[in-house]
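The structures come next, written out as structure tokens.
Below, chain A partners chain B and then partners chain C, in two separate complexes.
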Partner chain A sequence: MSWRTLPRLAAPLLLIALLWEGAVLGFGISPFYLPPLRQVLGAIAALWPAYQSAFLVTLAEATAGFAMGALVGIAGGIAFAHLPRLRRMVLPLFVVSQTVPVIAFGAIVVLWFGNTLAAKAAIAFYLTFFPVTVNTLAGIEAVDPRQVALLRSFGAGSRELLWKLRLPAALPRIFTALRLSAPLALAGAIVGEWFGATQGVGAMLLAALFNEQVVAIWAAILAAAAVGSALFALVALAERALVFWREEL
Partner chain B sequence: MSGALRDGLLGAALFLLLWEGVVRLFGVPPWILPPPSGILVTTWAARASLLPAMLATGQEALAGYAIGAVLGILLAMLLALAAPLRRLLLPVIIAVNAVPVAAYAPLALLWFGTGPLSKIVMVAFVVGFTVFLNTLDGLLRVDPAGIALLRSFGASRLGVMRRLRLPAALPDIAIGLRVSTVRSMIVAIVTEMLGSQSGLGWTIYEAVLQIDFLRVWAAILLASLLSLAFFGAVGVLERRVVFWR
Partner chain C sequence: MTGAAERLDAQLTVAAPPVGRVKLSLNGVARSFGAVRALDRVDLSIAEGEFVTLIGPSGCGKSTLFNILAGLLEPDPGGTLLLDGAPAPSGSLLGRIAFMPQRDLLLPWRTVLDNAILAAEIQGQKKREARELARSMAAEFGLKGFENHYPQQLSGGMRQRVALMRTFLFDREVMLLDEPFGALDALTRALMQRWLLDLWSRYRRTILFITHDIDEAIFLGDRVTVMSARPGRITLDRTIPLPRPRQPSLLTAPEFMALKRELLEAVEEESLKAFAANGP
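What follows is the complex of A and B.
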């Protein structure tokens, strides 16, 4: 991290913290709606090991499902780009699959996988693979046919075309999809934890709701934000490493 | 029949046949995966209780969707017109949006009770955000040369908004509205599952407790049909309004 990115990241956080405290003090908001930020941070500090492990558990679930979804999505996009018939038969099913309120599946997925990391990862996966498939396909299709013709004239086979031209050209769009679906993967993991999990940010949220502890709910919301930021940072780092030429364009 | 439609129907038919075949061939117990025919039979048999639940969820989703869409578009127009306000509020809005919506559901239930209001608020919140972010994107992406031209003819800020920015942003607004359809259903169901006395989410939660998994699948089927219909209806509207796309 360079000396310039740190203040750029910290400034909005500071602004939000100030607005939060200021709003609570200035408008006299009841702690039932928004407790003061110090109180929420105090609650997190008091139970630091619990929040830390919840953060790690949920991050692991979301990341596992997200990574699977990314791999399957990219593979699906490549397959659809090469096999138009398969695409016409299966892509509509993919579209319909996304109108299924996946959260409703939570109970069934937990039944299938038990109360394991795999159950939450499966829900995160379901929410991730579709945007990645669609963007991979769109990215591959947007490749300039003249570039394809040029590489072919040099004797490139379809494998080389894929690795040297189509996939690199599709990468920026793939990363757009990854950035959009990272929060979805996290939502999947959190809701997956509502079906009997004892660990993780989602389990904490549920416990706080049942005890009607507004401070604990806000603390869990902050923990969820931390997991979301961590996921987002992972995607951003991968993008910087893989799409290194982007800034030159 | 066009080739795309034929292949699509073929794919769906093969998928259902495969599902039914695998379940029957391997004798998969229904609590793991019921066959599609079994789900249909259960749905029909339980229609007296499932249809009111579907109606309740649909009403919550639709009410929240309408409120959220209007608020999202208005807020985006306001922030597109007022740059200082935008610079102040946008980081806050993005931070609030960085938390998965599901995490706010407990708050909504505590504040607005377990009736339909908490679901409508949650749906409006999610739809509002999605529509807002898409609309703002579209409103701000307008060609500066076009704005300069309109302003040189004496158009006010509002005139630029009405004649240039809004029409230019319509495709983005449409995307936001379309994505929001499915989300509105998901959020209504999630909030119902956490606390409610009616709706498909509540039905699912109850059926899980009673270990009645066919009923869960029946509720999932109805929820999917409802969101598919909603998605399709908004898609048709979109093609009429954004006809030049």
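What follows is the complex of A and C.
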């Protein structure tokens, strides 16, 4: 990240903080609906180790599921691009799987995996793999046929075509899917925590809700936003390293 | 020969064959797409080290011919295609002829050097060796100092030179160039033509060069062939007796003008036919 990126990110955050504080003071909003920001930040500071570990737990769950989903999605897209028969048979199943809301599966997943990281990762995975599969497939199919012809005239087989042309050419689209599914993976991990987890941002949110601790709810929301930003930043860094050649990012 | 040319030949090419032998020979090569007859019995023979140019109206099947020669397209049964005197069935041509399409088709994620070695790399050459060879040739291709640039940082003329370098490094004795300078402005194009001739005289490849431009065809070629409107066939095969090396002043010489007049008439006739067949 360059020295210009930080102020660019900080400015909108500062604006939101000012609006928050200003609204609470200016309109006299009851702390039940919206507590002042400094109170929320104070609550986080007071219990810093707890928020820190919740952040890390949820980040680990979301990242594990997200990474698995990305791998399976890319591999699936490649397989579907090369095996039209497999695609006709399996892709419809992928589509059908996405029509079931993940929350309906949540209880089953926890029964299967217990109260582990794997359970939350499974839900994050479920939300990630499909958009990545579809975009990998679309990216591979959008490769310029003239480019394929040129490489074939050099004697390239399908393996060389994949590694030297199709996959790199599909990367911009794959990253579009990854950026879209990073927040989904986080939502998946949080939903997973609602089925009896004791650790993580989602568990914290639920506990605060039951105890009607409005300040703690807002603190958990901020922690969730921090996890989402971290995940998004990971994807953005990887994209900058791999798709550096794209004209505008 | 320059050092790089010597190294290229020593490393990749077999001993230089005698000049004048027939390299590539087509006899009655035809191709139809459904009811459309794109190529109609093309007869063409190109000698070792010869520079042959091909002109014809658009849509005359030039690209079909090139795709057949590159091994990307199967000709209709009946005709014969000989490479080095031996029959070459379609699939066997893949990887044997260096093909350069109209667009440069450089890969944006590869540097100039890595784009140039793409074909050599696919042929199984070690990346490091190929890069070293490419680096030593960069100056000759006007790319010195740009080895590690990416294609999107280059001008059109430079991109075209990278594509040509890729074609040269794909060390095949026959090169097919499909309007390589078609997209360049007139000034750059004239420079590139002289530079290509210079390169050709040093590396001595057999070249078949497609163009729309009659001046270009005469200026470059040992022979100019004219293709008819669809279905395409060779209707004129004219030897260009102009001495080499050729200078730009040649373009206004009377003997050049006489050739141009003759060829213009032939091409005009074919264009009119194409226009009557496909026109409004």
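Everything below uses one rule, namely that the second predicted complex is superposed on the first by the 247 of 249 C-alpha atoms of A that agree within 3 Å, B and C clash if a C-alpha of one lies under 4 Å from a C-alpha of the other, contacts with A are read in each partner's own complex, and residues count from 1 in each chain.
Everything below uses one rule, namely that a residue touches a chain if its C-beta (ideal position, glycine included) is under 8 Å from a C-beta of that chain, and two chains touch if they have at least 3 such contacts.
Quick caveat: nothing in here was measured; it's all calculated off a predicted structure.
*Asks:* So in the superposed three-chain picture, is A:Arg152 touching just chain B, just chain C, both, or none of them (first/second/both/neither)?
*Replies:* second
*Asks:* Between chain B and chain C, whom does A:Ala187 touch in the aligned arrangement: first, second, both, or neither?
*Replies:* First partner only.
*Asks:* Using the touch definition from the top, say if A:Val100 reaches chain B (first), chain C (second), both or neither.
*Replies:* Only chain B; A:Val100 stays clear of chain C.
*Asks:* Touching A:Ala224, do we find chain B (first), chain C (second), both, or neither?
*Replies:* After superposing on A, A:Ala224 lies in contact with chain B but is clear of chain C.
*Asks:* Quick check for you: in the superposed arrangement, does A:Leu47 touch first (chain B), second (chain C), both or neither?
*Replies:* neither
*Asks:* Would you mind checking which one, chain B or chain C, touches more residues on chain A?
*Replies:* Looking at chain A, the partner in contact with more of its residues is B.
*Asks:* Which partner chains sit in contact with A:Ala238 here, chain B, chain C, both or neither? Use first/second/both/neither.
*Replies:* neither
*Asks:* Looking at A:Pro168, would you say it contacts chain B, chain C, both, or neither? Reply first, second, both or neither.
*Replies:* second
*Asks:* Using the touch definition up top, name the residues of chain B that touch chain A in the complex.
*Replies:* Interface residues on the chain B side: 3-4, 7-8, 10-12, 14-15, 31-32, 91-92, 94-95, 98-104, 106-107, 109-111, 182, 185-186, 189-190, 193-195, 200-201, 204, 208, 213, 216-217, 219-220, 223-224, 227-228, 231.
*Asks:* Applying the document's contact rule, which stretches of chain A touch chain C when the two form their complex?
*Replies:* Within the complex, chain A touches chain C at residues 144, 146-147, 149-156, 160, 164-165, 168, 171, 244-247.
*Asks:* Which residues of chain A touch chain B in their complex?
*Replies:* 11-13, 15-16, 19, 32-33, 85, 88-90, 92-93, 96, 98-105, 107-108, 111-112, 183-184, 186-187, 190-191, 194-195, 201-202, 205-206, 208-209, 212, 214, 217-218, 220-221, 224-225, 228-229, 232
*Asks:* Using the touch definition up top, name the residues of chain C that touch chain A in the complex.
*Replies:* 67, 70-72, 94-95, 97, 99, 101, 103, 105, 107-109, 118-119, 121-123, 150, 152, 170
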